[in-house]
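Naming follows writing order (A, B, C and D), and every chain is counted from residue 1.
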Amino acid sequence: MGKNRLEAFSDGVLAIIITIMVLEMKVPHGETVAALLPLAPVFLSYVLSFVYVGIYWNNHHHMLHLAGKVNGAVLWANLHLLFWLSVLPFATGWMGENHFAGGPSALYGAVLLMAAAAYWILQQAIIRGDGTNSTLARAVGRDWKGRISPAIYVVGIAVSLHAAWAAQCLYAAVALLWLVPDRRIERVLDAR
Amino acid sequence: MGKNRLEAFSDGVLAIIITIMVLEMKVPHGETVAALLPLAPVFLSYVLSFVYVGIYWNNHHHMLHLAGKVNGAVLWANLHLLFWLSVLPFATGWMGENHFAGGPSALYGAVLLMAAAAYWILQQAIIRGDGTNSTLARAVGRDWKGRISPAIYVVGIAVSLHAAWAAQCLYAAVALLWLVPDRRIERVLDAR
Amino acid sequence: MGKNRLEAFSDGVLAIIITIMVLEMKVPHGETVAALLPLAPVFLSYVLSFVYVGIYWNNHHHMLHLAGKVNGAVLWANLHLLFWLSVLPFATGWMGENHFAGGPSALYGAVLLMAAAAYWILQQAIIRGDGTNSTLARAVGRDWKGRISPAIYVVGIAVSLHAAWAAQCLYAAVALLWLVPDRRIERVLDAR
Amino acid sequence: MGKNRLEAFSDGVLAIIITIMVLEMKVPHGETVAALLPLAPVFLSYVLSFVYVGIYWNNHHHMLHLAGKVNGAVLWANLHLLFWLSVLPFATGWMGENHFAGGPSALYGAVLLMAAAAYWILQQAIIRGDGTNSTLARAVGRDWKGRISPAIYVVGIAVSLHAAWAAQCLYAAVALLWLVPDRRIERVLDAR
């Protein structure tokens, strides 16, 4: 069973998620440039989430490229990942409207944590489906990024109620960590 | 006439349906985690509908994979299915906002019933178009899941005005029934 | 220059148009089935527009299938068609909320008229690009449906301010006319 | 690594951007044709932005057609372009609701400027990835359109606070400049 339609559907959902987040930026009523200022936190939270969805799309693109077979477990693991990413616009909007307050920052971290877990489950489902010679398994290797990210999210959630700015810094740090393209996969590809 | 564009268009519509449902979860005004509690029923109804659209996408994916030819009747039967699924976000939002009350639960069941009928019509249109040697016809077989689901929806609608929780249990039970991937089709594919 | 991406983009836009119209059906506040009654005209206008977008998608699918080359003029003629179809959700919502009143019915007819004109322009652009041996030109033939539809829309617009119900009947009649799949194109295809 | 999925994802995002802008045209409450008049500026700003997104889609289509390889830098340069285009619906809505006032016109020009810069960065990333024999590099040539557009946007932003109508004229002039299909690329393609 081909993986093209899985990619097409995921692309569609990710394209919609990345775009509807901008609908949370409600058009202000004044017409002066100053009327934009209160929107700054909403804009910043949009930027952060745009980068995160971009990272997921990017990594999803690389991972599926190495996947061999797509079975029922992979289809549902993929939908599970899309589910948590689809909650991101809600968490983003709540965080932006409350100026990065503690509660919304904790929820934002929790959604990131669930998405990271779902991504890991999807990776495992693909590797299990492909068997011991899985190209993806070799490419992923020890996966230190995938291991450290959830730990940082957990710390972020823990500190968010006391120092929300620290949580934001942690979330942004993880995004920067992933912005670097996944050399592991490119290396394996070049070696083929 | 190829089926690629039919799949692409269906993927687009299903991707939008599954994603815009999350827009019903309006960002709460408070910034405490407690402010999220009233959203619990909206979230739960979103989860249920996400699973249902996921099931339809999954089964649609499998069914089209076995379809041979796409004629005008199939195109319109497919649009008819997409129509009823496009009403699901509305029914989901109404049910979530009214905490799974009787009326909205009945409507939700009715939309599920119409979608199931539309799916059956689409299946018949494909089988008729492919003729007596239809691979899909052999894969579907006696189709006990497709027969029992509408019956359960009807029971759900009937009890919803008296015991809405029972209707919810029935709808969730049907979803679980379908979450198991369609072995019938995978078996026929393996046998080829 | 291939036509795949033109089809993919058009599918995306049409999928979004057909789905966002349902967002005009605002979730009612009551929880009784009776609370749905005021939404009946909104629902009916949604059904009509869903059928129209379905017809356009269907015919677009057939037309592009016969197109040979896609040049700059075709790309822009296609965007022009998508523009008028993108205004349909607005016209639909206005008509539904005002219970098929005269003004909104006239606007609805005007949008249908512009879309029909844009479709004709697109057809001409493709035929001109393909030259005298255009398969599409032979398939379209005298195009009586394409000629009569705008005339009926004009009559609909003219009567809408005096008898809006008559305009609705005319719009629905044109939709029925097109619901019949385009035998001309299927005949030419079979003859190849 | 193929460019198909990059195109598909970009098509999805651009299709959503071009379509959700119409959601800013809120259905008016009256039912007379006169009730539409206050929406005229919103409609005009929608037309302008629709043309701009259409231009970007068109040029993106041509550019990717000539691109050889898609690496990580191209993926992120592409997401960067999509980010600025995703802010266009917000700028469009603000400008339309404030009848093309100075502040919103300045923001609109700023978003166009950022999108133009992002497009240039994407072009450079593709050319760098393809090496000295890049087909795109030869097709782009001296790129006078790409050089003059940002300059006109800057002038537009500068005059917008004093004479917003002049800024609008400048933005529309750039759109007209680009509406002419990119002969440079078509010439290179024909010469192959």
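What to note about this one:
To be clear about the criterion, a residue touches a chain if its C-beta (ideal position, glycine included) is under 8 Å from a C-beta of that chain, and two chains touch if they have at least 3 such contacts.
Since we're looking at a predicted model, the values are computed, not measured.
Because chain A and chain B share one sequence, their contact can be compared position by position; here under half of the interface residue numbers appear on both sides. The greatest centre-to-centre gap from chain A, using C-alpha centroids, is found for C.
For this pair, chain B with chain D, the centres built from the Cα atoms lie 37 Å apart.
The geometric centre of chain B is 26 Å away from that of chain C, both derived from CA atoms. Within chain D, contacts with two or more other chains are made by residues 8, 12, 15-16, 20, 23. On chain B, the positions that touch chain C within their shared complex are 1, 5, 8-9, 12-13, 15-17, 20, 23-24, 71-73, 75-76, 79, 82-83, 86-87, 89-90, 93-94, 97-98, 101-104, 106-107. Interface of chain D with chain C (complex): residues 7-8, 11-12, 14-16, 18-20, 22-23, 25, 27-28, 31-33, 35-36, 47, 50, 54, 57-58, 61, 65, 179, 181, 186, 189.
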